[in-house]
Each structure stands twice: as structure tokens, then as C-alpha cells.
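You will see chain A twice below: alongside chain B first, and alongside chain C after that.
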Partner chain A sequence: MSEQNRSPDILLNVEGISLSFGGVKALNNISFDVRKGEIRAIIGPNGAGKSSMLNCINGFYHPQEGQITFKGETRKQMQPHKAAEQGIARTFQNIALFKGMSTLDNIMTGRNLKMKTNFLWQALHLGPARREEMQHREAAERVIDFLEIEQIRKTPVGRLPYGLQKRVELGRALAAEPDLLLLDEPMAGMNHEEKEDMCRYILDVNDQLGTTIVLIEHDMSVVMDISDRVVVLDYGKLLADGTPDVVRANQDVINAYLGVTHE
Partner chain B sequence: MFYREAGQFKNTYHADQAIFPIIQDRWFMALVLLVAFVVIPLWANEYWFQAVLIPLYIYAIAAIGLNILTGYAGQVSLGTGAFMAIGAYATYKLCTAFPDLNILIVFVISGFFAAGVGIVFGIPSLRIKGFYLAVATLAAQFFILWLFNKVGWFYNNNPSGTITAPPRELFGIMITGPEAHALTRYYVSLGFLSVMALAAKNLVRGRVGRSWMAIRDMDIAAEIIGIEPLKTKLMAFAISSFYCGVAGALFIFCWLGSAETEAFDIFLSFQIMFMIIIGGLGSIMGSIMGAAFITLLPIFLTNVPPMIGIPIATDLSKHIEEIIFGVLIVFFLIAEPHGLARLWQIAKEKLRQWPFPY
Partner chain C sequence: MEFMENVFVLPFLDIADSPVFFLEVIISGLLSGVMYSLVALGFVLIFKASGVFNFAQGAMVLFAALTLVGLMEQGVPVVIAILLTALLMVVLAILIEHMMLRHLVNQEGIILFMATIGLNFILEGVGQIAWGSDVKKLDIGIPDQSFEYAGMLFNTLDLSAALIAAIMVTTLALFFQYTGTGRALRAVADDHQAALSVGIPLKSIWIIVWSVAGLVALVAGILWGTKVGVQFSLVLIALKALPVLILGGFTSVPGAIIGGLIIGVGEKVVEVYWGPAFGGAIEGWFAYMLALAFLMFRPQGLFGEKIIERV
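Entry: the complex of A and B
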């Protein structure tokens, strides 16, 4: 998948990010970039700071040092909903769906930012509010079609099995039509078939919608297969950065994963 | 006719997102409205209006208000009574200051006053949640009632310290005051309930409602999808307090006629909270069912035992009523947190299959 004909525009640039909680340094001077249209993987052993990195990117954590440039705009601190407005969507490692709502409502929530009518029109459910609701319902249905979850549209997500919940969560992020999609372990806890399905969706999203994807994943075969470039973190430090083949051959990475004998 | 949705195909998204997508439900609702607007006024007497139906409708408005805040947006509030008091006192002040103003408009404006105060007391909700927020709204409950008692300006310094509904008419028909006919007040309460329940239903099935539920279910994910927590929570407080404010105004002006601040004390707040717990958190229909249940149960207890030959003293039936409420609250919290509304839903699902098991 490492085609060279993709446009080399840089969508997201992370420069010298350091984040610490009290005495614990979660991230230490991390720099990397994400090109428009690529699938970028972040890997590393447990506690390497992968999720912290995603949390910095979408404004959930505020790093003490460094800066993040998204779509040419540099920012130091921002609120998560501002990041969403700029076009960053994400899914979570532990599913964070709205449990009391149906699949359809969850996905419609992803379109919230695109809905503009004020609450008075909505209370009447007439005119612009109704048109808007229908128009976004159509968009939500496209996402539902894409993810093949038509039969569970009206089911409360709390009743769905784990694999489907993960898919609905991806749907909610997709409904926002993001430029950058952050996936935190999209395949954790899935069986082989579900993983294959999820890979297919990720590749399709990237291919058909042109969405740039940053994903964290532990399944190495998946990562090496679908990502264009890989960042490896270990104990908050950047170990390696490059195409899957380069990373696979890197001695530091092998040591971090397989352990190294200390004599 | 069987309760079936078979053969009812929807070919527009609009039809699919209707409040009652199934035709049997639409007929049922039409029947309910017919009974409420036509049959009851033809049949009911003064006692039914004054003791049962008018309070039922007014409580239902307040319960919808609290359900928006607690059931949909997930913010616990014990200040319902105080927000109702604001509506009532604002109506009283506006009514006496501008005697020519249309009384129905005064009710709505009073709702806005309550909404404003609701926003102020909603600000802590950004930082505190659950039990602690309930305590913060409790402060609203006590502070506002104390203020209304303490400052004579709110009740125009009259020596009795009560607010009394002045006679106001609209198109020659007395709406409030001692001479207003029960039937008129019935229609005013029912009118407000119908319009406000529909508006609430429209809100909760649209973008605003989804933002509230998102904040309730998973606030972190809601924020990441682009929902501003502060704005969404304050909006829930504002709209909820608006409903409570209008209910409070009707409470005095269409039902009690006159009252002191005690009418709005903490027990009223609890009563409304019981209504939404028994009726169903996160359901507009449930709010109305809960209000109906809590207003009708005492009447049932005072009337039915003598009818079947078991005389119960008034004070005893009062105690039995409290015991039953307590047991029911515990039962619903454990067995069916979604209340009567969910039982109704389950009954409908069963009906869809009846009489065949599959």
C-alpha cells in the first residue's frame, strides 16, 4: 500500500510534543507528520503514550511543550469541540457510544456540527428544521449503508454486540465527514473475521472518501498491511518513523517488542 | 383490530421519523385528544376539574420540564419547586404591573424569567455532576423561596404575604381570578400542555435532544464529536426552567387561585421528581403518565375502598398513599428505571405478537 503517487501535502504536523502528568513523562519531544490521504499507524508497547498522543491531537490533553499544526493552522491549546469543528473525528479504545440512543441517533449525533437551525424551529419541527433533519438523515443513511448496519438502525446501541458497537462508533465518526480520522485500537478484542471487515472499512474510507487516518493498533500484521507509514513509540519516546518495511527492520523496534538481553 | 405494523411501509425518511410512525398509535392519540378536548368537558363536574384534571395537566408540564433536564440531559435537579415559584411570582408581578397585558402572554413571559434564573443556577453543572449538582440546585430551592418570603416587593407588600390571582379576561372570558369557570381553566391548562408537550417531543427527537442525550450518556465522546458541554447543559437548564416556570404560573393562576411560598417547597420538587421516576426518565409520554399516576392514586385510594365496602379513615388512606409511593419508587428504581413509559412500550411489543407466541 505504500504508493508514491499520493499527494505529499502535510495535513497534520506534530512538533516537539512533551506531555507529563506530575512526574510521569507520557510523551517526550515527539515530532512526526501526517500527509493528506495516508493511513498512518502509531504503534508501541503498552504505556508507550499512543493514546496520549491522540488525546493531544484532538485537544483533550494540553501538552506542556511543542505545537500541533493542522491544515496549516498552528495551535497550542484547544478544546475538543474546536478540534471537531476543524475536522478531526475519533473513536475510542473503550467504546464511548451513547448507550441509551439508537444506532441511527448515534450516527445522527455525528452530524450535529453540520446542523444549523436553532431550537425554536426545531421545537416546531417545520420548515428549515424539518428539511435539515431529512437531509442529514439521508447522509446518516449513507454511512449506515457503507458500514452495512441497516438492520440495527433502530436498536439501542447498548444491546449490540461488541463488534457492531465498534462499527457504530466508526459510523458516528464518519458521519462528521472529518478530514482526519483518529482510530484508537479499532480492532481490539475482535475475532479474525471482524478484523478483516474492519480493515476493509478503513481501507474503503481512505480510498473512497479520501479521509486521512491515524490509527493505533496492536495487531502487527494488520498495521504492516494497511498503513502507509508507521510511528513507533516506547516509554514516551519516538523509536522509529517510516514505511512498514523500514520500521520492521529497525533494531530499536525489535528490541522494544521482543526484549533485549541485558548483560 | 390487532396492533400490527405489518403492511405499513414507509417510503420517506419523514414518515419514518414521525412521532407515531404506526397508524394504530396515531388513532390512539387522536382518541386521547378527542377525550381530553371534547368528551371530558361534556362529562366532568367541578370536582373532577378542580381536584384531578387541572392539577394533572399542570404537574405534567412541570414533569416534562424536569424530564428534559434530568431524563434527557442527565442533570439532576431538586429545584423544580423554586423554578415554578419564579413563574408564579413573575406572573403575579407582571399581572399587577401591566393589568392590560394578555394573560396568556404573561404566562409565557414568566417562563422566560424562570429560564433566565435556571441558566444562572445551571452554571455549576459544568463542574459538578450527579449528587453534588442536586445539592447545588437544592440551594436554588431554598434561596429563591427565602427571597420571595423576605422581600415584600415580590408580593406587593400585602399583609397576608400571599399572591392571589387577579381577575383577568380574554375575549370576554374570565381566565383567572375567583370568577373564572373551571372549564375555562381546564382548557387553558390543557392547551398549554398540548402545545408544550409537542414542542418538547420535537426538541428531543432533533439535534438539540440528541446533544442532550449525548451529554447524558458519555460527555467526553459528546465533546469530541463537537458538542459544547456548557452551551448544551445551560440550554437544558433554560428550557427545563421555562417549562417549570409556565407550570408554576398555571399552578397559582389556573388552579390554586392564591398561595404562599410554602406551595412551592421542597416537597413539590420531590413530587415532580417522583412523577418522572415512576413515569419514565427520558420520555415525554412518561412525564404525563407519571403526573397522571401521582394525581390519580390518592383519589383512587380515597374512593375505591369505600366503594368495595372497606371504609378507610382519611388519615389512614393518606399514610397508605405514602407507603405505596415509597414502595413504587423503590420498585421502579430497581425493576424498571424507564418507568411506566417502558412498561407501555413492552405492552405494545407484546401486543404486536399477540395472540401468536412468535
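Entry: the complex of A and C
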């Protein structure tokens, strides 16, 4: 098994991560890995440390202990924009879009890292900068086509309904052409139809673009349907790790979700 | 009774009496308003991109003007002196990022504000230690002459200032709206975390913003310095920018422009027509009264983002 852990198809390896805020332990010695090309779900009750885990992976939080290996590169502390440079993109639980900007502009910010001309060229809006802008515009349009949001390209995202904002946020993450996509509750607050759409997009991204996905989700049926493997956290501890079937049958998981009678 | 007449009757009779003079007052108000806008613009740029109210903006104006005059006194040609000063403002931005902002990431706005107060004192001190504290004349060759046109009196310096300010504002607006860096700046202004997650490096964005604010300060310093001489009181011009910001909204570039124009025109018109009723010198406090009224009824300003809390 340890041989397998080091095999090249491991994209992300999380080892012994502990994170605390003052006296509160948000994560306690968490280890798991993410294979290239899979959809990996992180589930758990409220306050289990799921979002904290994502925040550690993309560098918003710096865990006190443990290390994270991404694409074979191990790091202890990492700045979020460096994580983005390495190919990690994400969405947020409480949508973090640039509300005053249009859908297209929001998605274009996702291309930011791919822009090579420096800002003096851009200030002049000449030659290479102009060509580059056109190229990135095309890439952004492809994402817009993919997510079927053509009709809201010019709308300031602050005016869009919640479900569409979530989709734009996914678009911004996709525009960066990430190797690893972190989705924090991509379906929270959506109605049934929107959830189905979002599931389809997630599966399509995984399937057509080959993007590895780590997602946090509360809707059990969704998680069990679309993910390849599931990590279960509870009060900052790792409760179970395995395929949906294995996790579903795990007694600790059942206890955590359904409650357990203490005698 | 006489006071009521002075406030509600006589000014309007005066205006009706000589519309050309009224127009002249308005135009001179617009021209001085542009100068307020320029200073306000420096505040808006930094506030937009980093949520920091830069108390040192006035000191930056003074610092830039002092450096420019100092260099010219050493016999450096005008163009080179301006370029050198511009370069110095960029270096200053880099230093500010390295020594101040970098260490205060994720701190409360009020703490960053306090830091800019410190910066204010440093710039005031260093500028005067290096170049002395005498009032100096700044002349970079902008003509300062009055001429008459259509029965109204104009000043070439005022007109040049308005032109330069207009060019600068247009350039900045286009830059913000249509370039990748501009987009990144707007993104940072909108949501720090999200900006970081798409890989926008906060640090270089801050350097760019502070550099641009430094260059705006330089332009304001040149124009104000030419007009009133380079002296310590340039710092106080920043105080005039406050009501402009309250009117225009702290986050709006067009707001800073229009706010400046409103204050400029308001001041002049009130001084000329309503001044006698109050015994004169209204110009000094009218802007602040207007700002106070705005704070009561429209705290986000004319163009600021609406303060809506979704619950």
C-alpha cells in the first residue's frame, strides 16, 4: 500500500494535518490522498472541519502540523496565489465573486495567471497585450459556452440569482484550467433542478477536461452518486475514508450522522 | 429680516442681474474643483484597491512637490526632474509595501489607517529635512496668464490643470475598465480572498496602486505647487479632499471627479452670492457643511456602492 501511495497517480497527498485556532482544534491529524482524475468528496456534520481542510489545501490557512504534497512538491506553508499558480482553483461556500463586475469579467479574472504581458504594455493597450487579451477572451467564452451562461455574459453578477452565481463562480475557477478543483458546497441552497445541472457540470468537467475534483457537499445522495471516494470528518477527526459503499456501511459514520444512543 | 432678505432674495437678484458673471463664477468653480478632484482621486485609488484610507495622501503631494522643486533648484532640467520624482514615487510605493502593508495583511482597516498616519509624519519630516521648509516657487513652464473671452476672465494655469486632470482621469478609467491589470485591481477591491484564490498576487497589486496614487500625488503637487507655491500647507489640501470623497463616495473614480466639481462650484457660488449675508469667508467651511449634510442623508455618497445588507 505504501508503494501505491508514492505512485505518480497521486495528485495531492495530505499528511498529519493539524490546525487549531487558539484553543479550538479544527483539524486533528488528518491524512488522505487524492488520485489524479478522481472526484473526491469530503463530508461530515457542521463544524467537522471540511472547509478548514480546503482552506489548508489552497493556502488560506497554515496548519500547525503536517504537510501537503501537490504534484510531487511538498510544502508546509503556502500563499494562496502560489497555490493558484501551481494549478489549484476553488469556489467558496459563501460565494466570493466580484459582485460589481460582469460575468465575463469575473471569468476573465480566472485567466489572470495566464496573462504574461506586464502591466505597462496593458496600460498602453497595444500589440502583444491586445492580442493576449483576445486569446483569453476566447478561452473565457469557451467556459461560458460550457456552462451555458451566454445570456448573462454582461450582467453584473451581484444581480444574478444564487444558483447562477454559483455557476459563474465555477466558471471563474475553470477559466484557470486547474489541475485540482476545490468545490466548497457547490450545491448548497439550490433547488432540485439546479442541483442536477450542477452535478452534470461537475461530472462533465471531470470527464471531458480530466480535472481532479475535491468537493464538500451535504446532500448525501449527490455525494454517493458522483464521487469516486469519500473522506468523512467529524469534530476535526478523520472518521472514515473509502468508496461510497464502504463509507455508507461504516458504523462510526452512521453514528455521526444519525446520532448514537449512549447507555 | 434683513438677514432673510440677504439669504433668500438678494443673491437671486444678483444672479438675474448679471448672468455672464454668474457663468464666470461657475467656470472658475469648476476649474478649482478639478484640482480638488485630483487630490481626491489619489484617495479613491488606494481605498478601492486595499480598503485603506490613506491619511498620508496629502503628505505624498507635498513630498512629491518638494522633491521636484528641490531637484530643479539643483539645476536638473524640468523633464528629467519630473521623471526622477515619478521614479521616486514608485520606489516609495515599493518601500511602503515592503515595510508597512506586507506586515499588516488581514488586519483591521483602522490599524492600516493608523499606519498611514505614521507614514504621513515620516513623509512630512523626511521631505522637509531633505529640502527645507521654506515656501518655494514652482515653475515648470505652465503659463500663468489671464485673458478675457466672451466677457469672462480666464486663467491659462487653471485651464491647463483642468486639461491635465481630464486626461489623467480618462486614462485611469480606461485602464481600470479594459486591461487585465485593471481587472485584477477591481477584483482585489471587490473581494480579497477570491482575488487570492484566482492567483492575483496582492503584493504587486498594492505596489501598482500606491505607485499610481504617488503619480497622481505628483501631478496634484505640480499643479497646486504652481498655483500656491510649494509649502507645508499643501498637506492641508488633503483635508479639502475629504468632503469631495464624502460627496462622491470613497470607491468611485467618477464620484471623485464630480464630487470635486460640485464642491468647487458650490464654494465659489456660495462665497460670491451668499458670503455677504454671513460676513464672508464661507468658502472655508461650506464644503464641510455640505459633507455633513451628505453624511446624514446619503452616507454612501453620490456614486458609492449602495450599502445593502442581505439578510
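Just so we're on the same page, the second predicted complex is superposed on the first by the 255 of 263 C-alpha atoms of A that agree within 3 Å, B and C clash if a C-alpha of one lies under 4 Å from a C-alpha of the other, contacts with A are read in each partner's own complex, and residues count from 1 in each chain.
Please note the rule applied: a residue touches a chain if its C-beta (ideal position, glycine included) is under 8 Å from a C-beta of that chain, and two chains touch if they have at least 3 such contacts.
For clarity, every value in this text was computed on a predicted model and none was experimentally measured.
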| item | value |
| --- | --- |
| Combined model on chain A where chain B meets chain C, clash or fit | clash |
| Partner chain in contact with A:Met134 - chain B first, chain C second, else both or neither | first |
| First, second, both or neither for A:Phe98, with chain B first and chain C second | both |
| Touched partner set for A:Asn58, first chain B, second chain C, both or neither | both |
| Which of chain B and chain C A:Lys50 touches, first, second, both or neither | neither |
| First (chain B), second (chain C), both or neither touched by A:Met108 | both |
| Contacts of A:Ala89 with chain B and chain C, given as first, second, both or neither | both |
| On chain A, the residue positions that both chain B and chain C contact, one per complex | 58, 60, 79-81, 84-85, 89-90, 92, 96-101, 105, 108-110, 112-113, 115, 117, 119, 122-123, 125, 129, 133, 172-173, 176 |
| Chain A partner contacts - residues on chain C that touch it in the complex | 174-175, 178-184, 186-187, 190-191, 193-202, 208, 305 |
| Of all residues in chain B, those that touch chain A in their complex | 12-14, 17, 199-200, 202-203, 205-208, 210-211, 213-214, 216-218, 220-228, 235, 239, 282 |
| Contact set on chain A toward chain B in their complex | 58, 60, 79-81, 83-85, 89-90, 92, 96-101, 105, 108-110, 112-113, 115, 117, 119, 122-125, 129-130, 133-134, 137-138, 141, 172-173, 176 |
| Complex contact set, residues of chain A against chain C | 58, 60, 79-81, 84-85, 89-90, 92, 96-101, 105, 108-113, 115, 117, 119, 122-123, 125, 129, 132-133, 136, 172-173, 176 |
